[in-house]
Amino acid sequence: MHYIPHTKEDVEKMLASIGVKTEDEVFAGIPSSLRRKSPLNLHEPMSEWKIIDRLKSISSEMTPSSEKTVFMGAGSYLHNIPSVVPYLVSRSEFTTAYTPYQPEVSQGTLQAIYEYQTFTANLLGMDIANASMYDGATALAEALLMSLRIKKKTSKVAVSKAVNPYYLKVVEAYFEPTEFELVYIPFDENGKTDISKIENTDDIAAFAVQSPNFFGIIEENENISKACEDKGCLFVSCFSEPFAFGLYKPAGLYGADIVCGEGQSMGIPQSFGGPGLGMFCAKEKYMRQMPGRLCGQTLDKDGKRGFVLTISTREQHIRREKATSNICSNQGLCALTSAVFMSCLGKTGLKQIAEINFNNASWLKKKLVELGFEERFKGSSIFNEFVLKAPDGFEKVWKKLSEKKIVCGLPLDKFYEGFENNYLFCVTEAFSKENMENLLENIKKEVSND
Amino acid sequence: MKEINELNLPENFLYTEQHEWAEKGDVVKVGVTDYAQDQLGDIVFVELPEVGDSFEKGDECATLESVKAVSEMYCPVSGEVVEINEALEDEPGLINEDPYEKGWMFKVKVTSADGLMDKAAYLEMLKGA
Amino acid sequence: MINDKLTGLVLDEPLLWEKGSRGRIGISIPEAEVEKAKPDKDLVWEGPDFPELSEVDVVRHFTRLSTWNFGVDTGMYPLGSCTMKYNPKLNEKTASMEGFISSHPLLPDNLCQGTLKLMYELQELLCEITGLDAFTLQPAAGAQGELCGMLVFNAFHKKNGKRRKKIIIPDTAHGTNPASCALCGFEPVGLNSGADGILHPDAVREIMDEDTAGIMITNPNTLGLFEENIKEIAEIVHEKGGLVYCDGANMNAIMGAVSMREIGVDVIHLNLHKTFSTPHGGGGPGAGPVGVIKELEEFLPVPRVEKNGDKFILNSDFPLSIGKLHAFHGNYGVLIKAYTYILSMGKDLFDVSTKAVLNANYIKENLKDVFHLPYDRPCMHECVFTDENFEEYKVSTLDIAKRLLDFGFHPPTIYFPLVVHGAIMIEPTESESKEEIDRFIEVMKQIAREAKENPDILHNAPANAKVKRLDETLAARKPKLKG
């Protein structure tokens, strides 16, 4: 196998050097009674060429978003990624390095993380960002646990039901073994979190909402912030679509204490949901309660600027069971990817592309309404996702379209009661007018066939 | 690291086995010894108790962080915290530079100060270690 | 003498915010084809402070940054317990095939048969390699795999009627283990290894009780030693109704040599970014699949991939499941790379482990006369030395590590495991040839000579890197985390 460089002669010399005769004797540390009874029941090593054929065949059984027929977001978004992004990120000095524990030979990774932290904090309107979490869902779970560390005397957190339901599942799994309680706050008929319900909820460390929320709606951040202040709890805001902050004010500007979410939209391919990027920001005063790695600026012996991982005493390898999290490996390369992507965007690119998302979504929504769809939540501000109630009997049409590899929004009935025939649509700058017209044409055709 | 004969151990203080010191008296300053700061290395962050907290001797009362380690400080006397050294918030390195004067950590109104060593006993203990 | 003058051209590069100019842009803006919509003006803002750069600016910036890094592709990276083996380029190619890279995680099953098939097959392959019965691919990294395992422990005991409070963790376990336990509400109970560096059944018998959920063992342990008594220890734990978790981060030592199932392991996590050759990316993403015995399968995260005739489906109907640990299916891109690697190696994975162990023992035998070896017994995939021989010259492990950089080697893992004072933990992996290892051994010997003859060379190392040793105290006392 060509990944193993040992020649027969090498092996013989090495065995002689360690004083054993056969290769199997290198396992002298394992008692023979504990050796595996049968050898690995695996195939013969496969050639590169055969593997490419096999993987091509497997991947061809997919419907790629790049065909522009999947009008679904819900936490994973198709955005244009300039060619320079994957090109730069695939430089093996970045990809094949470990965590930068030896800063003298990791300045590339470290400066890039520092720049990522700066981009992220600026994008979300916050003081500081960490070097990344696994994804938006785990970032939210960790943010809630962090709130409980800050508000030591509380035992509950309040979380909006308009947060991505997959994120809520993860939060539930993280909370199950703890003594803490999750309290859900419902959403109202406008698709926004019903802030008034927080008034009767006591003993909470944090109130967490998502904006844009799962329905694509911008939450009333100002009122939420005020409600949190009244309650004396932390304002935690999460997101799954950071492109929205090219247009809309991020929660940091409303005084949020922790802002976290999924950064996949920032230059990272969808890749069946991962690897993505857990973005995590907090107010500076909470720095020592943050989970994950932090990269900081310092000087070398000669007074030259350099970067290191810092405030590490929060982390598992030092504080062990008292650490702020167990996270070790994070999504470093994805953080780098998003830093490259955000460098390409710049302030102007981010704004212009965000506006195209909003324009496309507004246009498609209008056209679907003209086809007989109905707005589920009227009058609320959206970014690039929206919920529509489809004409009666649309389930069959949806299925037929899916057989034609068209995904006409995400059906919401499996998440909430009373959402039969409601669909969450998404359209981004990656879709042309023609792509959207194709969808409309296909819907028209299937509805009339039905 | 300092040799034992290089350590600064004032005569009039009391010491614990965990390398804390306390002044003698009813309301006393407490801190960590020269030996402790030397072992810890550059201290980068100190978490102090709050005024009004009460501790029994031996309770965890503060944490000291160096770049790659965290150490607990155990309260050398029993009593109530009446003042903390706020200067440590911005300059935790004071503990390294001057562990007994500028690097004091907090003041306790003492209810009991039993079981402490004088300098000679503490030095004996260090030599034995 | 081996030459330490390895410098090349190192270009400086400012922070992004220190370059660029308003009005530049590095991305192509799509044509505006539909009418403009009007957002609520109370909700919009002018946008964040992002620098404005041309495409060329961006390319030069990150290319220059990359040259300041050391990766496996730059040279030998014998970082103990991290298995920095070669990352095959084929893996990158398959993982970036359009059907994978551009697939939405919530596609209906009929539109994502490819990704489901790959998951199903990868799970089967990992079962065969470890000997366990079922795998979940959802955990995004090793530490999340540990959390997953602990949640399974918790769910198991809950189902049996009584939650348990404690977990036994040996002193030779990975650093993440106690934190993962604590995250799951367990109290870690320490277990010391014996004078021979491994665990002994009597010590386990003494602390294992019916309030202890189980034990978390790293095997081979972080001293690079195989836990010879693991089967007996597992029996003790099982007798009291507990479970055995194995941190499989060191699986690279024993593929095809040991079946985890046969030695009594109930739950294991693997690090695909270690054993299965996916790149570490300067910190991640990794993947930490978790394998369990049949009796624990019902607790694994959902959705699970199942085969139904010739179709693959996602099934979330497992009422006792611990739920979800990732919004979607974990770090899918990493799974494709590991799958590709396993296809490449097949049954030769046994050869991978054989050569990894051979390389480590070869280093151990050839350096033990020069460096202090605290546990002189046959090692597995890594060996642990200390700086004891150089104490009188005031040369520490850190100095030795930094000096290695000047010769173009990444340092080993240092000061870990904690049970060894001044540890130098070397894991060469199977990727290194005899010539490269011989060169490493020669360099280590030369550094040992320098330590005695001219310790200042070591104290001032590295001489040739982008920066000199950095002031970590300053970084921690006056944190500056943002430009």
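Letters A, B and C mark the chains in the order given here, with residues in each chain numbered from 1 onward.
FYI, a contact is a pair of C-beta atoms (placed from the backbone, for glycine too) under 8 Å apart; a residue touches a chain by one contact, two chains touch by 3 or more.
All figures in this text were calculated on a predicted structure; none of them were measured in a lab.
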{"item": "Most distant chain from chain A by Cα centroid", "value": "B"}
{"item": "Distance-to-centre winner among chains (Cα means, whole assembly as reference)", "value": "C"}
{"item": "Between chain C and chain A, distance of the C-alpha-averaged centres to the nearest whole Å", "value": "20"}
{"item": "Centroid distance [mean C-alpha coordinates] between chain C and chain B, Å", "value": "39"}
{"item": "Inter-chain centre distance, chain A versus chain B - centres from mean C-alpha coordinates, in Å", "value": "45"}
{"item": "Per-residue overlap in chain B, given as positions that touch at least 2 other chains", "value": "44-45, 65, 67"}
{"item": "Overlap residues in chain A, where contacts from two or more other chains coincide", "value": "312-313, 319, 322"}
{"item": "Contacts with two or more other chains, residues of chain C listed in rising order", "value": "472, 476"}
{"item": "Contact set on chain B toward chain A in their complex", "value": "44-45, 65-70"}
{"item": "Residues on chain A engaged by chain B in the complex (per definition of touch)", "value": "288, 312-313, 318-319, 322"}
{"item": "Contact footprint of chain C on chain B as seen in their complex", "value": "42, 44-45, 65, 67, 92-93"}
{"item": "Contact set on chain C toward chain B in their complex", "value": "472-473, 476-477"}
